[in-house]
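Multiple structures follow.
Both complexes shown next keep chain A, but they swap its partner, so chain B is in the first and chain C is in the second.
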Partner chain A sequence: MVTLTSPALLDNLRVKLADSYKPDRPCVTVCGGTGCRVYGSEKVWEAFRKELATQKVDAKLSMDVKVTGCHGFCEKGPLVVIRPQGVFYARVKIEDVPEIVSETILGGKLIDRLVYSDPQSGEKIAHEEDVPFYKNQYRLILNLNGDLDPLQIDEYIARGGYGSLEKVLTQMSPDAVIAEIKASGLRGRGGAGFSTGIKWELCQKNVKKTGKGYIVCNADEGDPGAYMDRSIMEGNPHRVIEGMAIGAFAMGVHQGYVYIRNEYPLAVKHLRYAIDQARAYNLLGKDILGSGYEFDIAIKLGSGAFVCGEETALIASIEGRVGEPRPRPPYPAESGLWGKPTNINNVKSWASVPIIIDKGAAWYAGIGTENSKGTMIFSIVGKINNTGLVEVPMGITLRKLIYDIGGGIPNGKKIKAAQLGGPSGGCLPAEHLDVPIDYASLTELGAIMGSGGLVIADEDTCMVDFARYFMHFTQEESCGKCVPCRIGTKAMLSTLERICAGDGQPGDIDYLLELAETIKSSSLCALGQTAPNPVLTTLRYFRDEYEAHINEKRCPARVCKGLITYSIIPEKCEGCMVCLRNCTSSAISGEKQKPHAIDPKMCSRCGVCINLCKFDAITVN
Partner chain B sequence: MPVSINEIYEIINKEAQGDGSLIAALEEIQERYSYLPAEALILASERLGVPLSQAYSVATFYNAFSLKPKGKHCLHVCMGTACHVRGSPQVLDRLESKLGIKAGETTRDHLFTLETVNCLGACALGPIVVTDGEYSGQMTTVKADRLLKTILQAGSEE
Partner chain C sequence: MIHLTIDDRPIEVPEGRSLLEACRENGIAIPTLCYHPALEPYGACRLCVVELSQAGRKPRLVASCVYPCEEGAVVSTNSEMVQRSRRITAELILAGSYDTPEVLALGKELGVTEIRFKLPEENACVLCGLCVRTCSEIVGVSAISVIQRGISKKVSTPFQVKSSRCIGCGTCVLICPTGAFKFESVTGFQYVSPSQSSYRLGYYRLGGELDLHPTYEQDITALLANPKEGE
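And now, the complex of A and B:
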């Protein structure tokens, strides 16, 4: 590897690499994101490598197999795209590989059973760019994710990577960089939505005063159901590194940290690898591109504490202590890591920086709405056809996101609610689907943008149980430092558990509301201050479900175990004994070929019998 | 796995790089032994100049650390939101009743440890159960039974 001691050397390298990394060079890209790996994509790309050799494709087409980062369409993995044509095959198995090579790659023909069929229209769609899931997105941060080999810094450079860092070091002053970020309107993508430029400016001022400071990339992505930060780090780690290097230059900082979840082994591996490559090229280190600027990045692994996503808790954790938040002020920009000014941004915020520098603040500010600029990445999960990661301009409606991109709700069910912003967020009912997604509109409705988790609930989801789930989560993750959060969330949880068990009492709703207000107004950090949000929004929009649980002892969605009974419809039961044999509570009795019966007193409502019954003979009342 | 004081000391020495080394050292030891032996906490506190009380508080605060040895096989049930709405509580219930332990516990024969995890980010495949690092997606109570059976069979063939 050459050491890039001047910007000219980087330019030369890019020119040299351009030929070997042409965007239109023939290759098979296989998604290597965590999701597709679970589906077995590793075996698929190995099979492609073998098959391309066996069928001697290389001699004819000089075709590569490229393992990329997450393509986003996790529902349909393992995903395969044949470039340059962009033929898109979903759910590819090893057995399909020889046929793909002979028919599609060599023969130019499509294989019908592997072609994606749109769940809404039933239409068959052969090319990636025409699939509604991709077509309706605006992929700015994720644009190279399905295209780039994340372990090849050369490919990133060939596509213009580190060009923004070069521009900053050669043509811009630190103040000009900060002015540019401010003008872009970028707001922190971690949840709070504070102006990134203003945050940088504060930190820069304090670094000048004290002579030392740090920057941190917050990759402690803890919201259940959100995994976009992981996918960025897995699929395009160099963009995060480049963004951090630009920020470091702007703020006058020489050391950065990435605080990343231990539960993301692949992201950690790719990031480590990328940092080493960047160092080898002199894009990190003592004298970056001969500019005299010094900056390096160290990785700190989180140890599984949700509260460490909060910036003061994160700082405590990097310092090797228990991750408990402390009161602010002083804000980290004044006194952060080891008492020095520290700027903490989310992965998506850092990854947006090189794009803003490259295309200009005015261009970036042209995307989105008046108060929410740029794009946002959502992970659409739960009861949705197209589970996956999507990047859209701010201001898009939930309906467009859920139906045009997400493909609607499976099994012909109706949507009941969209939950945004994880355990700190809120549930919006179906009647608010046409609201534009921006910071202000969501706050007004009681939800938050958060870090982009979007969980869809359908008519089978019990909203009281859903709220209980989130409260259970925050209660477990509460660090216990301040009383309102430690005891308040426990009191809220036990009330919700009581309601779900069928022991709700009149007055419970008022009690929940009172607790919620107290916790919100008096907790030390954002974890506690936002913990009641799922309960508050479900109470606001689905109060009738709470009332049914409390007053009528009925769970309308038939979920809460204390309020449902299982029974067998004698006319449908064939007496096959399968449920009887598998019942863990021995609650089912009967004889062969005669209708069985469930004893409700012994039944643990585990649901095994429903899963097993081939005759739909078991009902929930 | 027997605890080797020398090995623990080596790990701590390797990780001892200025402020904030405690967590990294404990992570390495946890990785090596799948728990933190008492000796490790004492050694870490002495070598890194951190009060033992602080080492203990760190070890009990973070979910990644355990003070008890884990079973031969670790089952992690994902309790993320997507898995939850797709039925992971039923899967967990089933595994709990089949193994006769609660989440967070280890069977008396030290064969299984059952744990929950908050989102692995493979939401399209929920509910997810991870067995010794191997992911199984779209779990149901029936598939959970089969999973246990496979592990037990593989064990008896060894």
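And now, the complex of A and C:
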């Protein structure tokens, strides 16, 4: 590897690499994100490598197998895209590989059973760019995720990577960089949504005063169902590094940290590898591109405490202390790591920086709404057809997100609510689906943008149980330092558990509201201050469900086990014995070809029978 | 000097004072449990919350032990919002310490009339962290720390075995406001009690004035000078 001692050398290298990394060079890209790996994509790309050799594809065309980062369409993994045509195959198995090579790659024909069919229209769609899931997105941060080999810094450079860092070092002053970020309107993507530019400016001012400071990339992503930060680091780690280097230059900082969860082994591996490559090219180090600017990044591994995503707890954890938050002020911009001014930004915020510098603040500010600029990445999970990561401009409606991109609700069910912002967020009922998603409108409705977690609930979801789930999460993850969060969340959870078990009492709703108010207003950190939100929003929009549980001992969605009974409709039962044989608690009795019966005392309400019955003979009351 | 208004009274304090210090210096009572003037404020018990109004922001609760006095701040130490929050917080502390006399007394003072939620096990430890901070900040030993998290959090030694670093000074026992600290779980030393139940309660009493035992400092100094080795 050459040491890039001047910007000109980087330009030369980019020109030299352009040929070998043409975007349209033929290759089979296989998604190597964690999701697709779980579906077995590793075996798929090995099979492709073997099969390309066996069928002597080389003799006809030069064809590579490229393992990329997460494409985002995790529902359909393992994903394979054949370039340059962009043929898109979903759920590819090893057995499909020889046929793909002979038919599609060599024969130029589509294989019908592997072609994606749209769950809403039933239409078959052959090319990646036409799939509604991708077509309706606006991918700025994730744009190269399905395209780059994350282990190849050269490919990133060939696509213009590190050009923004070069621009900053050669043409811009630190103040100009901060002015640019401010003008872009970028707001912190980690949850609080504070202006990134103003945060940088504060930190820069304090670094000037004290002569030392740090920047941190907060990669302690922990919301249930959210994994966009992981995908960015797995799929395009250099963009995060480049963003941090630009920020370091702007704030006058020479050391950065990435605080990343140890539960993200692939992201850690790719990031480590990327940092080493950047160092080898002199894009990190003592004299970046010969500019005299020094900056390096170290990785700190978190050990699985959700609270360490809170910035003061994160600082404590990096310093080797117990991962507990401390009261602010002083804010980290004044006194952070080892008492020095520290700027902490989320992975998505850092990854947005090179794009803003490259395209300009005005261009970036043209995306989104009045008070929320740029794009936001959501991870759509729950009762949705197209589970995955989507990047959309701010201001898009939930309806577009859920139906046009997410493909709607499976099995023709109706949507009941969408939980935005993870366990700190709130749920919005179906009637608010047309509200444009931006910071202000979500706050008004009781939800938050948060880190982009989006959990969909359909008509079969019990909202009390839903709130109980999130409260269980925050209660487990409370660090336990302050009283309202440690004991208050436990008190709320116990109350919700009682309500779900059928032991709700009059006054429980008032008690929940009273607790929620105190926990929100008096907890030490944002974990506690936002923990009651799922309960508060479900109480605001679905109070009738709570009342049905408490007053009528009835779970309208038929979910809460303490409030439902399973029974067999004798007229429909054919006496096939399937439910009887599979009952997990031996609660079903009966003889062949005679109607069976369920003993409610023994029944554990696991639902196995209802799933197995072919005659719809089992009902839940 | 910083000028602010507390409970409708104009107050002047030197820069760097916390709201709690400003209140106590001016005879305004604030209940606390995890605060001690000799230690860094911790902000954990949330009993010292006061209502802070600042221009352009909605009135909000802040923990007075850690919140600095700011020019022009308007503070209310006894508003309805403050009282409600303290009452609920005290009720929550009682959820785990419902048989502990000091905590029961505190709850009574703050208007708790019933305990609507109880944890399965009574524990006199309220996790105020005074013992841990004393051991680290005053004694300089750090033989104990908090371990685990959330509802399982507790004070313990590394790996939950008796500490070889403990010098047996007993400051942790002395400073514990509820008598929860189990000296024998930490160390092989034997604790010689200077009959100090009257040390307790002083830290959170609503009287405003700190109510320390007169011999408190001498006792700690004496203990630090002569750690007694147990048989």
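We take it that the second predicted complex is superposed on the first by the 594 of 621 C-alpha atoms of A that agree within 3 Å, B and C clash if a C-alpha of one lies under 4 Å from a C-alpha of the other, contacts with A are read in each partner's own complex, and residues count from 1 in each chain.
FYI, contacts are C-beta pairs under 8 Å (C-beta built on N, C-alpha and C of every residue); 3 or more make two chains touch, one makes a residue touch a chain.
The structure displayed is predicted, hence computed values, not measured ones.
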item	value
Partner chain(s) touched by A:K383 [first = chain B, second = chain C, both, neither]	first
Contact breadth on chain A, by residue count: chain C or chain B	B
Touched partner set for A:V322, first chain B, second chain C, both or neither	both
Touched partner set for A:G35, first chain B, second chain C, both or neither	first
Partner chain(s) touched by A:A491 [first = chain B, second = chain C, both, neither]	second
Partner chain in contact with A:A305 - chain B first, chain C second, else both or neither	both
Touching partner for A:T518 - first (chain B), second (chain C), both, neither	second
Touching partner for A:C479 - first (chain B), second (chain C), both, neither	both
Contacts of A:N236 with chain B and chain C, given as first, second, both or neither	neither
Touching partner for A:W338 - first (chain B), second (chain C), both, neither	first
Shared chain A contacts, counted only where both chain B and chain C touch the same residue	305, 322-323, 477, 479
For the chain A and chain C complex, residues of the former touching the latter	305, 307, 322-324, 326-327, 329, 475-484, 486-491, 494-495, 511, 514-515, 517-518, 521-524
Residues of chain B touching chain A in the complex	19-24, 26-27, 50, 54, 57-58, 61-65, 79-82, 84-87, 90, 93-94, 97-98, 117-126, 128, 135, 137, 140-142, 145
Of all residues in chain A, those that touch chain B in their complex	34-35, 37-39, 74-75, 77, 221-227, 230-231, 262-264, 300-301, 303-306, 317-323, 338, 379, 381-383, 387-388, 419, 422, 453, 455, 457, 461, 466, 469-470, 473, 477, 479, 582, 584, 604, 606-608, 611-612
Chain A-touching residues of chain C, taken from the complex the two chains share	41-47, 49, 60-61, 63, 66-68, 81, 84-85, 88-89, 92-93, 95-96, 116-117, 119, 126-127, 129, 145-146, 148-153
